[in-house]
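As C-alpha cells, here come the structures.
In the two complexes below, chain A is the common chain; its partner is chain B in one and chain C in the other.
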Partner chain A sequence: MFASFMANAWIVATMVAIVAGIVGFFVVLRRAAFAAHVLPLGAFPGAAAASVLGGNELLGIVAFSALGVLGISQLQRWERREVATALWLAVALALGTLFLSMTRRYSQGVYALLFGEVFGIRSALIAPVAVLGAIAITATLVLFRPLLLDSLSPELGEAAGTGRGRIELAFLGVLALCTATALPVVGALMVFSLLVGPASAARFLSDRPLVALTLSVVLSLATVWSAIALSYLSNWPVGFFVGVLGGVCYATGRLRQRGGPVPAH
Partner chain B sequence: MTDAAALSVAGLGISFSGRQILKDVEFQVAPGEFCALIGPNGSGKTTLLKAIVGLVTPDSGRIAVDADGSGGTSVGYVPQKISLDAHIPLRARDVVMLGLDGARLGVPLPSRARDARVEEMLQAVGAGDFADRRIGHLSGGQQQRILVAHALVRRPRLLLLDEPLANLDVRSVAEIVALLRRLSLQYQTAILLSAHDMNPLLPVMDRIVYLANCCAVSGKADEVVRTEVLSRLYGYHVDVVRVHGRVVVIAAHEPEEIRAALARDPVHTAEIP
Partner chain C sequence: MRLLGLMFAPGFFSNAPVHTALLVGGGAAVVSAVVGVFTVMRGQSFAGHALADVSSAGGAASYLLGLNPLVGFLGMAALAAGGMEWADVRDARERDLLTGVMLGAGLGLTALFLYFAAVTGSATGAAITVLFGSMFTIPASIVPVALAIAVAALAAIAAIYRPLLVSAVSEDLAQAQGTRVRLIGLVHGSALAFAVALSAMTVGAILSTALLIGPAAAGLRLADRPGRSLAIAVLTGLIATWGGILLAYDSYYWTPGRGWPVSFFIVVLVFLAYLLAGLLARVRLRGVRLAAAQPSGCGQH
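This part shows the complex of A and B:
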C-alpha cells in the first residue's frame, strides 16, 4: 500500500482532501451544495473537449470550470440560484455529449473522470494540482470573514459592505478551482461527496468557526486516506469508500453534536 | 439641530420599475433620539431604511448621516426577519465579533482589545449568560439582542432596526424596547426603529415618523398621531382612537376595498353569500 507507485496517490489525494475540507466548509455554510455538484459535473465536458482537440485535460477542466462560474453567476441575475445552476449543468452536459460522440477512445477516460482514478495519477499532475489547490485555499482564507458574515446572513453582509454579488462570484471561483484540483483525482461525482460529507459533520462538532473549519479538513483527510487504504485492500473502488465514509462522517457528527439536538423554537 | 442631526433626510424620492415607493420624504433625527418609524404594510419603511444604509439608491433627495470622523460607517443596521441556520458553527460572541470586523479580509487573529470590546457589548445587551452558546440555538428574543450588539459594536451614531419587534412574545418586546432605550442613552446613539404597531414604543419614543401614501410626517407622537394630521397624510379620512393609553389608527377601508375587488371578480362574487 505504501509502494513507490502509490506515492503519487497519497500525495495528490492529501492535497485534494485539504482543499475540499476548507472549501467544503463554506459550501455547506452557504447552502451551495448544488453548485458543488454541478461545477465538477459541468467541468468534465471540458476534459472531453480537450481529448477531441488533443489538448491538455486539466486545461479543459479549468476552462469549463471558469465557464461554469461565469455562466451560473450571469444566469443568477435573471433566475433563482438553483435554476441558474441547473441551467448551466444542462448546457454543459449537452456539450459533453456532443464531444464524447466525436471521439471513440474515450470511454475509459470518461469513467475515470466521473469516478476518479486515484491509483493512476501521473507525476506530471502533482505540480498543477498543488498550485491550483494553494490558490483555492489562499482565496478562501483571505475571504474568510466576509464569507462567514454572508453565510450568516446576506443582509448583514450587504450592510457591512461586502457586496453580495461579488462574494457569490468569488466563492464560485474558489469552488471552480477546487473542482479543477480534485476532479482528475477523485472524479466529478466524488468531488461532491468530499466537499459535503466532512464539512457537514464538522459544523456539529464545534461551534467555533475556525475549529469547525479545521475539523472539516481533518475529517476530509481521514476520509480520503481511509478510502485509499480500504480500496487498496479490498479492490473495491475508491469512490465507493469516499462516498460511504462521507455519510459515516455526517452520522457521527450528528450523534456527537455539541449541546445536544437543536431545540425547537 | 440642522447641523448636528444624526440623520437628516430631505426631498427623498424612490421608485421601483415605475412604481412610486416614497415621495418627497423629509425628517430629521437628533443625536441620541429614539425615533419610531410607523406605517402600514407596504408603506415603504424597509425601503427607507435600506436607502439610509445605502442598499437602495434614491431617485432624488438627500440623506445625510452624521459621520463620526472615523471614516467607517456610522450606521448600524438590524435587517428584518433574519432566518439563521440552526447549525451554523458560530457562537453569539462570534456574531458580535463579525459586526466589528466582518468585512475585513483574512483569518481573524487573536486580539485582546477586540475581545474586550465584544465582551463589553455582550454585557451591555444583557447577553452575558448566553454569549458562548450557538447562535442558532438561541430564542428569538436572545437572537435579537445579539443582532443589536452586532450592529452597535462599532458604536455607530445611528442605529436602524427593521421590525425588530415582529415575531417576539409580549415579554421579549418589552425587554427589547427597554434595552434599546437604555442603549440609546448610554451610547448617545440615535435610533430609528420601524414597526407596524406604535403602542409598545409610545413610552420611549422621542419622535415619530409616520409613513403612508408614499409620504411622511414627523414630530412628537401627540402632534402626529391625530385624526386631522393622518387623514391629510393618507389622503382620506382615518380615525385615531385612544383606548386606555393605547392608540389605534383605523386607516383601513378594507371592507370597501374587498367588496370592490369581489365585484371585479364575478367568479368569487357568486360564491359569497
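This part shows the complex of A and C:
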C-alpha cells in the first residue's frame, strides 16, 4: 500500500482532500451543492476536447471550468440559480458527448475521468495540482470574511458593501479552481462527494466557523485516505468508497446532532 | 420532394430502430416536459437531476445482471424518490445537502457496478451507454412498457393538477385550502421518478436533466399561465427529441460511417429553443412597455 508507485497517489490525494475540505465548507454554507456537482461534471468535456485536439488535458479542464463559471453566472441573470445550473450542465455535457463520439480510443478514459483513477497518477501532475490547489486555498482565505458574511446573512453582507453578484462570481471561481485541482485525481463525479460529505458532517459537529472548517478538512482527509486504502485492498473503484464514506460522514453527523443539542436556525 | 429527400435521409421512415427511438424518445420528452414544469416551479431541479444520476446505478446494475435496463433505472429512481420524500426535510439547506449526499452515494454505486461489468466483461462500453444513452439500440420490446409508464406518470399528474399547481406556487396556501401537501409531494415525486427513468434510458442518465429542465424553463419563460407553459414545454421537448433523432440519423450521411450522437442534437435543440423563448419574452415585454408608454385616452397615470 505504501510502495513507491503509490507515493504519487497519496501525495496528490492529500492535497485534493485539503482543498476540497476548505472549499466544501462554503459549498455547504451557501447551499451550492448543485453547482459543486455541475462545475466538475461540466469540466470533463474539456478533457475530452483536449483528447480530440491533442492538447493538454489539465488545460482543457481549466478552460471548461472557467467556461462553466461564465455560463452559470450568465444564465443566472435570467433564471433561478438551480435552473441556470441545470441548463449549463446540459449544454456542457452535450458538447462532451460530441467530443467523445469523435475519439474512439477514449472509452477507458471516460470511466477514469468520471469516477477517478488514483493509482495511475503521473509525477508530472503533482506540480500543477499543487499550484492550482494553493491558488484555490489562498483565494478562499482572502475571501473568507466576505464569503462567510454573505453566506450567513446576505443582508449584512450587502450592508458591509460586498456586492452579492461579485461574491457569487468569486465563489464560483474558487469552486472552479478546486474542480480543476481534483478532477484528474478523483474524477468528475467524485469531486462532488468530497466537497459535500465531510463539510456537511463538520457543520453538524460545530457552530463555530473556524472549528467547522478544520473539522471539514480533517474529515475530508480521513475520507480520502480510507478510500485509497480500501480501494487498494479490495481493488474496487476509489470513487465508490469516496461516495459511500461521504454518505457515512453525513449520516453520522446527523445522528449525533439529533442526540445532542440542536443548533438554532 | 427534393427538399424532403434532403431533410430525411433514405430509410428514415422504414428503419425499425428509428421507429422505436421516435416512440420511446417522444414519450420520454412529453412526460419530462410536463413533470419538469412542476419540478422547476417547486424548485426541485437539483432533486430531478440527482434522481437521474442515481437511477444510473440501477441501469448499471441491470447491465451487470442482464436485466431489462428499464427495470433497473426505474427501480433505483423510485427508491431514491421514495427515500427523499420519506426523509421529508423541509429546511431548504438541509434538503440541498441530503440530495447531494444521496447523489454522491448513488454515483459511488454506479462506479462499483460499472467496474464489475467491465471486470466480468459482460458489457463493453457500459459506462458510456448508461451515462450518455444510446437511442438507436433500444430494444423494440420495451416500447409498450415505456409508453405505459409514460401514460401512468401523465395520469398521476393530471389527477392532482389543481392542488399540485397551488402547492407549487405556495405550500402555505395549499395547506390552508386543506390540501394534503405531503401526498401531493409523494405523487409528484413518483411521476418525477418515472419521467427520469424513461429519459435516462433514451438520452442517458446525465443528460436527462436537459429534457426535464430545458423545455420547462422555456415554457415558463415564455408564458405566464401554467396551461400555456405546459403546452410550450411539451412542444419544445417533442420537437427537440424528434428533430434530434432525425439529425442524428441524417448525420450518418454527412460524415460517412460515423453518426453524431443523438443526445448532442437533442440538447442543442432544447437550448436553442430556450434562448429563443427568452428572446421572444423580451420582445413581448418591450411591446407591453411601449403600449403602456403610449398616451392613452385617460391621459394621466
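What we mean here is this: the second predicted complex is superposed on the first by the 258 of 265 C-alpha atoms of A that agree within 3 Å, B and C clash if a C-alpha of one lies under 4 Å from a C-alpha of the other, contacts with A are read in each partner's own complex, and residues count from 1 in each chain.
Convention: a residue touches a chain if its C-beta (ideal position, glycine included) is under 8 Å from a C-beta of that chain, and two chains touch if they have at least 3 such contacts.
In this text, all values refer to a predicted model and were calculated from it rather than measured experimentally.
In the three-chain model built by superposing on chain A, chain B fits alongside chain C with no clash. Once the two complexes are overlaid on the shared chain, A:L156 sits against chain B while remaining clear of chain C.
Of the two partner chains, chain C is the only one that A:L93 touches; chain B does not reach it. Once the two complexes are laid on top of each other via chain A, the angle at chain A between chain B and chain C, using C-alpha centres, comes to 80°, given in steps of 10. Of the two partner chains placed around the shared chain by superposition, chain B is the only one that A:P146 touches, whereas chain C remains out of contact. Once the two structures are overlaid, the count of chain A residues touched is higher for C than for its counterpart among chain B and chain C. In the superposition on chain A, A:P209 makes contact with chain B only, not with chain C.
Here chain B and chain C sit at a least CA-CA distance of 7 Å once the structures share a frame through chain A. Once both structures are placed on chain A, chain A residues 31, 265 are touched by chain B and, in the other complex, by chain C. Interface of chain B with chain A (complex): residues 53, 55, 73, 77, 79, 82, 84-91, 94-95, 98-99, 101-108, 133-137, 139-140, 147, 150. Remark: chain C residues 40, 43, 45-46, 48-49, 53, 91-93, 96-112, 114-115, 118, 124-125, 127-128, 131-132, 204, 206-207, 209-210, 212-214, 217, 221, 258-261, 263-264, 266-268, 270-271, 274, 278 touch chain A in the complex. On the side of chain A, the complex with chain C involves touching residues 28, 31, 33-34, 36-37, 41, 78-80, 82-83, 85-87, 89-91, 93-95, 97-98, 100-101, 107, 110-111, 114-115, 189-190, 192-193, 196-197, 200, 236-237, 239-244, 246-247, 250-251, 265. Across the complex, chain A meets chain B through its residues 29, 31, 141-146, 148-149, 151-153, 155-162, 202-204, 206-212, 258-259, 262-263, 265.
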